[in-house]
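Naming follows writing order (A, B and C), and every chain is counted from residue 1.
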Amino acid sequence: MEFPESNERRKKLGQAIMFGLSRGISYGIVALLFLILFFIVKQGIGVINWEFLTAMPTDGMTKGGIWPAIVGTVYLVLGSMLFAFPVGVMAGIYVNEYAVAGPVKRFVKMMTNNLAGVPSIIFGLFGMALFVNQMGFGASILAGSLTLGLLALPIVIRTTEEALKSVDDTFRQASYALGGSKLYTIRKVVLPIALPNILTGLILAVGRVSGETAPILFTVAAYFLPKLPSSIMDQAMALPYHLYVISTSGTQIEASRPMAYGTAFVLVVIVLIVNIAAALLRNYFGKKVKMN
Amino acid sequence: MTHLDSELRILKSDILEMWRLVVGQLEKGKEALTNFDRDLAEEVVENEKRVNSYELKIDKDCENIFALFQPVATDLRLVLASLKISNNLERVGDIAASVADFVLDAQQDFNKEILERTKILEMYGIANEMLADTLEAFDSEDTRLARTMFKRDKMLDKIDDEALDLVYDCIKAYPEQARNTLLVMSMIRKLERVGDMSKNIAEEIIFYFEAKVLKHKKKKQKEGDE
Amino acid sequence: MANKLETIDVHLHYGEFHALKGISLAIPDHSVTALIGPSGCGKSTYLRLFNRMNDLIPYTKITGQVLMDGEDIYKIKSSKIDHLRRTVGMVFQKPNPFPKSIFENVAYGLRVNGISDNSFIENQVEKTLRQAALWEEVKDKLKKSAFELSGGQQQRLCIARALAIEPTVILMDEPASALDPISTGKIEDLIFELKDQYTIIIVTHNMQQAGRVSDYTGFFYLGNLIEFDKTKKIFTNPSKQETENYITGRFG
């Protein structure tokens, strides 16, 4: 059989165009990311110094530092994870290991997905209504952490569920076949295997939480505080909210512009550090799982 | 030891047992002829059933090994060789039994002179030794010994060629033993076949140990390998 | 030889799907029985009757009798199921050691069942690893992760793990299908060695393997047991045309 030469050329051309296009797009996205980072670093690096990181804001937040906002953000991230991680992991275990396939399980899964789609400002309102007012925590780190925790919950549940699902069923069966109970099997076999992937969920959740503004707006964030919070019932400043405040609603927006870029820079660095730490943690556990 | 190894070991031990039995049959046959021992001849005829049952067992062993283990290389050659060796041994067993039958057929003692002059005892001895040596060659992986079969078979052929004239002379010399002498003639014709079977067996031994096919080769080539 | 396991007219439904259609079969003690047949024929489902693994799948309905040593294992109290599973070891298709050390993998079954005497556990681990022909290869790295072993070694470790709690029956679900030929050979030799002490049922897609390791072979097709006989009989002269077609590869 004779195959026309032109067909070969057309195939080659088609390949080249499609391949070139997708390569161009993926490079473009990376370039865009670097552009944003470059922009923030270029604008923000100038104001970064020891004082900026460790001092209180002064002169209507056009001078001084952002120390309380850093501390507040760290507290909020830790607090929200302290709440979301155990609750989310347990919920994930229930959905994947215990819930019997059927309408109830489907409903729980659907609601978890819906929760993930709820706008963060709604979480803020809900947090204010429940924690701040109803439960009487007032605007506090506790109320803010719980609200942020709620926001992170769907992510933790979903990734836990996926991580458990990816554990091959024969591991469970092998444990049952040796006389292991369901709980023992989950504790000793399933969770250790799934842990690295569950920690990935934690990383994602931390990333999400540390950048949120809306949920803390009504529940914890202070416009300006002259001192660091001393208990979980205190209000706190937080980086994203601080950034929002000094770039939109300050009295001297222009004067505080460099401070805004510096704050953005610090926020990016903190998220980066958290991510790296979590990745290291995950690697460590991944190894430990194999080593133990 | 693998499962296949243990099956092959069983096969090997079966074939060796059959071999020893057939060698014993030939030896007893010779003794029965020499001493005109009708009881011993009877025993040889009776034992033929055992030889046959060994052949059936080895056939079954080989069939199972083929079906269950798909042997390859040396294992495959062992199974193939075993099939053919047992087949040849069974035919040697038949010969031993029919020679013993001739002994039973005789109505009087064989004249020593006739046994001497027709060279039947010499021939019997050579045939027995050949078969015994194939057993030795197989058991000790001695392919040189196996290769001696091709030359030794010629001695049997020679005796077989001369038999007609020798028997004719004996009949003239001892007319009262004419019937017995004709029985001896029949035995010689039978025993000549033992040489051919030993040769066949030798070829299988060489095939098993050296993976060389000697069948239908010129004599020169067979012995040239020595 | 006494029958260790027996099923009498067992039907199994997964929801609407009729997976086993009245299987009656007696499996002799201290023997290896191979179950062969095309995918979806019910052989794995049948295997899992004996340690009630099918119970874990929702909407499963089982009728008929499944006897072990004459006792119907589907009539026992649900609190005795763990005990049943202790007497029936299982080895799976892919090697699936737990994310633990080699030692702890073998010790797992002992610890699950409440044994805490360390010297007993140590003895049992060594004994079992020797039984599984793995001791010489791993004795210097018992504390190392099981994942550092090769696939074939992992599978022998899984066999050791199953043997550690001294079952009387071992179920193997295509135990060598993920392994290279050399490792497969080792597993097969091991099965051959173990049959003196255990009753072994092995599901396999590899007909040659069924021939090599088993004393009895059952051919399953579409949820029916077409033929059960001595392996030698099945592989040299099966009684049923379907069996002949399947083992000669003229199936379809």
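Following the convention adopted for this analysis, a residue touches a chain if its C-beta (ideal position, glycine included) is under 8 Å from a C-beta of that chain, and two chains touch if they have at least 3 such contacts.
Everything numeric here is computed off the predicted structure, so don't read it as measured data.
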Those chains which touch chain C and also touch chain A: none
Most distant chain from chain B, judged by the mean position of its C-alpha atoms: A
Central subunit by CA centre of mass proxy: C
Where chain A and chain C are represented by their mean Cα positions, the distance between them in whole Å: 46
Inter-centroid spacing, chain B versus chain A (mean Cα positions, whole Å): 89
Distance between chain centroids, defined by C-alpha means - chain B, chain C (Å): 49
In the complex, chain B residues that touch chain C: 2-4, 63-64, 67-70
Parts of chain A lying in touch with chain C, wherever the complex brings them together: 100-101, 168, 170-171, 173-181, 184, 188-189, 192-193, 289-292
List of chain C residues in touch with chain B within their complex: 185, 188-189, 192, 208, 211-213, 231-232, 235-236
Chain A partner contacts - residues on chain C that touch it in the complex: 51, 53, 56, 58, 82-83, 85-86, 88-90, 92-94, 96, 98-101, 104, 108-109, 112-113, 144-145, 147-148, 158, 161-162, 165
